[in-house]
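Consider the two complexes below, in which chain A is the common component and chain B and chain C are the respective partners.
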Partner chain A sequence: MAGASATAVPSPVDAGAQAAPSLWVAARRRFLRSATGMLGATLLVLFGLMAIFAGQVSPYDPIHQDFRIEREAPSATHLMGTDEFGRDVFSRVVWGARVSLQAGGVAASIALVAGLFLGMTAAYYRGRTDGLVMRSMDVLLSFPYLLLAIGIVAILGRGLLTAMIAIGIVYIPNYARVVRGAVLSVGARDFVEAARATGARDRRVMWQHVLPNVLAPIIVQATLNVGTAIIDTAGLSFLGLGTQPPTPDWGNMLSAGRSYIIDSPWIATFPGLAILATVLAFNLVGDALRDALDPRLL
Partner chain B sequence: MRGYIVRRIAYVLPVLLGVVTVVFLALRLIPGDPAIALAGEKASAEQIEQMREALGLNRPLPVQYVEFIGRLASGDLGRSIRTGGDIRQELIENFAPTIELSIAALLIALAVGLPAGILAALRRRTPIEYGTMIGSLVGISMPVFWIGLMLIYWLGARAAWFPLSGTASAGLDIPARTHFYTIDGLLTGDFTVFGDVLWHLVLPAITLSTITMAIVSRMARSSMLEVLGSDYLVTARAKGLSARTVVLRHALKNALIPVVTVIGLQLGALLSGAVLTETVFGRVGVGRYVLNAITARDYPVVQATVIVVALFVVVISLVVDLVYAILDPRIRYA
Partner chain C sequence: MRNSTMSRRALLRAAGAATIVAACAPVTTQPGATQTGTTATTKPAGATGTLTFLWGGDTDKLDPPAMTTQEGFIATTALYEGLVRYKPNSTDVEPALAERMPDISSDGLAYTFHLRSGIKFHDGSPLTAEAVAFSFDRSINKDNPLFKEAQAAGGFPFIDDYIGNVVAKVEAVGALDVRFTLRRKFSPLVPNLAIPPGFVISMEALKKYGSKINENPVGTGPFKFVEWKKDDHITVENFDGYWGDRAKLQRIIFQPVPEASVRILKIQRGEGDIAWPFDPKDASSVKGKADTDVLEQPGLNVNMAEFNLKKAQFQNKPLRQALNYAINKQELADKLYSGAGVPAVGVLPATSWGFDSTLKGYTYDPEKAKALLKDAKYGGETITLDSYTIPRGYNPQGAKLAEAVQQYFQAVGVKSEIKTTEWTEYRKIRRQGELNVAFGGWQADTGDPENFLGVFFYSKNQGGVNTSFYGTPEVDKLLEQANEETDTPKRKALFNQAEAKIVDDAPWLFISHMKQQVAIRKRVKDFVLQPTYIYYFNKVSVS
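On to the complex of A and B.
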C-alpha cells in the first residue's frame, strides 16, 4: 500500500531496538502516503467530530417523540426520515455515533489492557505461567464470541456497560496472543538481556524495554478491533441486551427498524450505513497502519 | 500421524474441561446469593428456591462441581425452568437448524469466496483483483443483522423473490426426524416441501455467508499468490507446461490447503452470526432459544447452551485440524 521498499526498511523490531524514533517517523511517512489509510482517517475524524459535537450537528432532539410525523420518509426537513415514534433518524444516527464509538472504544480498551497484561506476563515468565495463561485464552476462544458475550450479559444484566465489558472479555485472547508472540520475539534480544544485566527489575524491563518494541502489532490489532467491537456491541443492542431505549444506539435503532423494514426501510438503512462507514474506516486505517508499521508485509 | 492425533487430543481435553469449569464457575461466583441474583430482585421465595434447585446451588461448591461434570458426562443437561422440558431434547431441536444454516452459509462462502480469491491472485492489478479486495473489505465491515434486513427489503419485499422470514411456510407439515429442516423436507418425499424449506434458507444463508466469504477470498488470494511465487511452480513453467495446467494441476491444490483452516477458525464466528441471523429472519434456532431463556431468566438453558455449543466448536476444530494434518504433512511433523 505504501510505496516503501521492503528491503530498504528494517523490520519494526530491529528498528525499534536500534533507533526507535526512525521507525515511527518512517511509519508515519508511509501511512500519510497511503490513500486508503488517509481516507479512513478522514472518515474517523469526521465521525469523531460528529460524536463530540452531536448537540450542534443534530437538528432535533434525538429522543423527542412526535406521533404526528411518525415514519415519515426522508425529506428536506428530516434528511433520514423519522422513526416509529416520530423521532428524527438523522439526529439519532448522530447521537448514536457517540454511544457506538464509545462502546467500541471502551470494549477494545478493556481487551487491550487485560490482553496486554496477560500476554506480557505469559511471554516474560514462560513455563507454567505461560501454559496457564494461554490455555485459559484457548478456553475463552472456544466459545463462539457472541454466545460468550450473551452468557456474560445474562449474568451481569442488560445494558451498555455490561455489553462493553462482555465484548471486552471476549476479545482478550486476541490481544494476549498477539502480545505474547511479539514479546517472545523481542524478549530474547540483546537489549533486553542488557537491561536485565544492569539489574533492572522484571516490571521495569517489561514496561520500559519490551513494551515499546512490541507496540506496532498491538496498535494495528487495537485499531481493527475497535471496528469489530462497534459491530459486536451493536449486535448485543440489536438483540436487546446492550443499550436500552430510548438512548440512541445504532444497534437498537436497527432492532427497532426491523419491525418496519417493509414500509419504512430508512429507519434501519441509515444506522446500518453508519456502522458500515465507521467500521470500514477503522479497517482502512488498521490495514494502512499494518503496512506502515510492518514493511515486511508489503 | 497417530502421534499427532494423540497430541492434539491431549491438548483439547484440558480445554474441554476448562470450558465446562468456566461456565460452572461463572454462574456460581456471582457476589452474594447466586440464586437471588439469577432469579431477580423481584422473584418470590419459591422462584429463588426453584432456581437454587435447578442449578444445584444448595450443595457445597466441590460437590456441585462433581455432580455437574457427572451429569454432563451422562448427557443430562437438566430441565428448563421456563418450559419444564428436557434441555437436551430442546437443544437438539434448536441447534440442528443453526448448524444447517451455518453449513449453508459456509458452502456459499466457499463457492463464491474461493474462485474470487483465486481469480484475484491470477489477475493482479486488474478490476477483478480490486473488486475482490474492495468487496472483502466491505464484507468484513458490515454487520450481518443489517445485511439481513437489507436483503429482506430488497430481495424479499421489493423483488418478491424470497420469503421475508421464517424457517418454512406456515401450515406446511414437516415431520421432525433429524431437525435439519432441509433433510426432514427431503424425507417427506415431497419436493414442494423441500423447495419451500430451501427457499426460506437462501436469504439467511447469504446473510450469514458474507463475512466468511470475505475472509475466504482474502485468504485464497494470499495463499495463491504465495504458491504462484514458489520455486516448484517456476520449475513447472520451465518444463513448458501451459499456464492452465500450472494453475489447475500444481498451484491450486497447495493453495487451497490453508483455506481448510478457515473452516475451523470461522466456525465460532458462523455460529455467533447465526444467532443474529436467526433473530433477523425469525428462524428456529439456538439464538432464539437462548434469547428466550435469558428473557425468562432460564439459566439452566443458558448454561447448557453455552457449554454444548462451545464443546461442539472445540470438537469440530479438532476434526478440521486433523484433516489439515492429513492434507499437509508439514503440520504433523512440525
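On to the complex of A and C.
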C-alpha cells in the first residue's frame, strides 16, 4: 500500500510528459528534498511492509486467547503487553495495520474513482449535468461525515467491507469538487480546443488531454484522504460498526481497551499510537506532495 | 453536550437548595409570600436531596407491562406499585396496595384482594377496585381496545408469561375488592403481581393517554414522574400525596452512562450516587473507600446463550452438548468476570430455593466435546454467534463474552462468526426467531423457579422470553404440575426434574451467574439490595 503511493509520484511523469515535462521532474526533486515528506514516506513503507508480512513479523497468533496471561504489562515476551483476553497486543497491532491500510486505501480509492468520474463529467458537459451532479454532491456534503457513514452502514449492514464503502461514498464530493475545478480551468485551455478541433471524441479528450493535467491536486487529495479514511474506518470500528471481533483492528482495539485505560493503559495506547503514526505519515507525504506539485511554486 | 448536562445539574442543585431553604423555613408561612411558588410550600419537612442513579443504557419504555428492561423495572418501581411488594432483600411478598394477602377460593381459582382505602394516584384520581381491574384488563384482555391500541407500540411482550396465560379475568367485586379468576391453579401468581407487569396504572390516565402512558406515567408510587429525556435522564420527584410513609428523597435522577468505567469514575467523583451495573474488575477502586463502597450479594440471575431451535442447524442435540463441554466456565467466571461470576451448572443459581445440588451439568471437557462433535456429524459449518453490545447485569462484559466463547469453540474445531446487534433491535429479532446462537440472560423478577424455568422453557412462552423456542410435552407437564402444586418441597422436586431434562437437552450454553454488585456513595443511607433488582427508594436518603 505504502509502496504504491511512494511510486505513484514518478509514474505520472511519463503520462504527463508531453504536457509539461518539467513539472513532474521538478516536483520529484522537490519532494525528495523535503525532510518531513521523506520521513512520512519511510514510515509508510515500514507500515506497508508490516502489513504485507504480518504473518512473519507478529510473534503470536493475534486472536489466540489465553486467560492465564490476561492484561500483562509490556515485557520482553510481550512487547506491548497482552489484552483482556491474554492476546498479544503487538501481534494485534501488526495485523491491525493490514486492516487499517486496506480500509484507508480502499475507501480512498472508491472516493477517488467515483469523484474523478463525476467531477470530470460535470465539468466537461457543464449545464444540466453539472447542476445535477454538483447539487447531489452538495446534498452529500450537507451531512456530517461520520453520521452519513453510520447511516450508510445501517443500510448496508455492519462489517469492514461496508464500512470501507460507506467511508468511500462520504468522501466522493471532495474529489468531485477538486476535479471539477481543475477540469474547468484546464478545459478552457487552447490545447483542449485543439484536440476537439481535430475531431477527438469526448472520452479521448478527457482521458488523454484533460486528465493528465488535473492529476496533481488529485494525488495530493488522495494521499491526505487515505489518512482521514483510516481514522474514519477506525471510528466506525470503534463504534462497533466496522471490523467485527475478533479480527484485530486498531479502532476495535481502542474501543475494547478504553475500559482498561486506568489499570492497563497499554491495551488502548499502542493501537492509538499506530493510528497516530500512520495518519501522520500520510499527512506528511500529502503535505510534501502538495508543496512539490503546487504550480504556484514553479 | 457536557455543558447542557452541567447546566442541568447546576439547575437541580439550585432547586435542591431552594427545597432545603423552604423546608427549614418556619411552618407559618407569610400569607403575602408569593415568590416561593406552590411547590415549595407543599414540600414535606423530610424530603431533601437528589439521588443520581447511573446505569448502562436507557430503558425502552416506562409503561410497566410494555417495557422489557431491568432499567425500566427499577425506574417504574419508584413511580408505581402493585397489589403486593417484596419485603426488604427478600423474595417473599407483603401487601402493598392491597390491605392484606388475598383470600383464595378453595379450588384455588379465585384470588380476591381487598384494597387499602384512601389511596390516590399522582393525578389525584382514587385507587378503586374498578381502577385496578381496568389496569389489568388493558394488559391481559386481548379484546380490550387499549390492549389493541398498545400493539402498535410493541404490545405487552411478557405479560402472558407472568399473568396473562393463567388469569382469565380481573373484575371489581366491591368498591375496594378485586377478584382474579384463574384458568388453572397457579401458585406463583401472587409473587408475580409484585413485579412491574403487575403494577397498577391510573384508570383516568389510561383513558386519557392510551399507550402514550409510556411518556406520561401515572401511578401511586412514592415518586411522581417529572420528565424523561431519552438516553439522557429520567427524573422523578417526591409525591406529596403518597398514602404510606413519605419518601425521604426529593428527587431521583436515573441517568444512562454507557461506559462502565465512566460510571465508576462518576461515583468516585461524586457525580453519581449509585451505579449499576459495572465491570467487576473496577470494584476494588470503590470498595471500602472513604466515600464509596460496593454492596454485593449472590445474584438471582443467569448468563447464557440460547440455541435457536427453530433452525435446523441447532436441532442437533450432540452438537449443543458438545458446545457446552467446549466452554471453560470457571475461567470465564474468574477472568472475564474478575471473580464476580459463578459457573452455571444448569439454569437456576444456587441462591434460588429450587437449586438442585445434585445436578451435574457440563464441566469443561474439550475431548468430550470433540467426541460429541463426531456424533453430531459436524462438518465444519460456520456457526453464527449473535451478541448484544451493551453490558448487562448478568454479563457486564457485553459482546466480549462472545469473543471468548468463539475462541473456546475454535479450540475444539468449531468455526464461528460473531454478529453484534444494537440492544433494542437485538431483542426484537430474537423474539422473531431470527438469531442463531444468541447471547442473553435473565435477572429473576420473582425468585420463584417458575420465573427461570417456566418463562424460558414452557412451550407457550415461545417468542416471549422463551426465545430458544424450546418446548417438550414432558417439560411442559412437569412445569404445569409444579405451578399447580402448593407444597414447596413437592414443587422443588418437580422443578428439579424439569431442569434435569432441560439441561440434558441443552437448548442453552449454560455459562454463569453473576454476583449482584452496586457501587454506591456512602452519603446514601438505607439503600437495600433486592434479589430481584427491583429496588425500593421509599426509605433511601442522602446526607
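Assume the second predicted complex is superposed on the first by the 276 of 298 C-alpha atoms of A that agree within 3 Å, B and C clash if a C-alpha of one lies under 4 Å from a C-alpha of the other, contacts with A are read in each partner's own complex, and residues count from 1 in each chain.
Criterion: a residue touches a chain if its C-beta (ideal position, glycine included) is under 8 Å from a C-beta of that chain, and two chains touch if they have at least 3 such contacts.
These numbers come from a predicted model, not from an experiment.
When the two complexes are overlaid on their common chain A, residue A:Leu254 makes contact with chain B while staying clear of chain C.
Judged by the touch definition given at the top, the superposed model places A:Pro265 against chain B, while chain C stays out of reach.
Using the contact criterion defined above for the overlaid structures, shared-chain residue A:Pro246 touches chain C, although it does not reach chain B. Once the two complexes are laid over each other on the shared chain, residue contacts for A:Ala234 go to chain B alone; chain C is not touched. After overlaying the two complexes on the shared chain, residue contacts for A:Asn283 are found with chain B alone; chain C is out of touch. Annotation for chain A, partner touching more residues between chain B and chain C: B.
On chain A, the patch touched by chain B and the patch touched by chain C overlap at residues 240, 258, 261-262. Contact residues of chain A toward chain B in the complex are 135-136, 138-148, 150-155, 227, 231, 234-235, 238-241, 251, 254, 257-258, 261-262, 265, 268-269, 271-272, 275-276, 279-280, 283-284, 287.
On chain C, the positions that touch chain A within their shared complex are 259-261, 279, 281, 285, 328, 331-332, 334-336, 389, 399-400, 402-404, 406-407, 417-420.
Listed in rising order, the residues of chain B touching chain A in the complex are 14-15, 18-19, 22-23, 26-27, 30, 37-38, 137-138, 140-146, 149-150, 152-153, 157, 164, 267-269, 271-273, 275-276, 279-280, 290-291, 294, 299, 302, 305-306, 309-310, 313-314, 317.
Listed in rising order, the residues of chain A touching chain C in the complex are 63-65, 67, 70, 84-85, 158, 240, 244-246, 256, 258-263.
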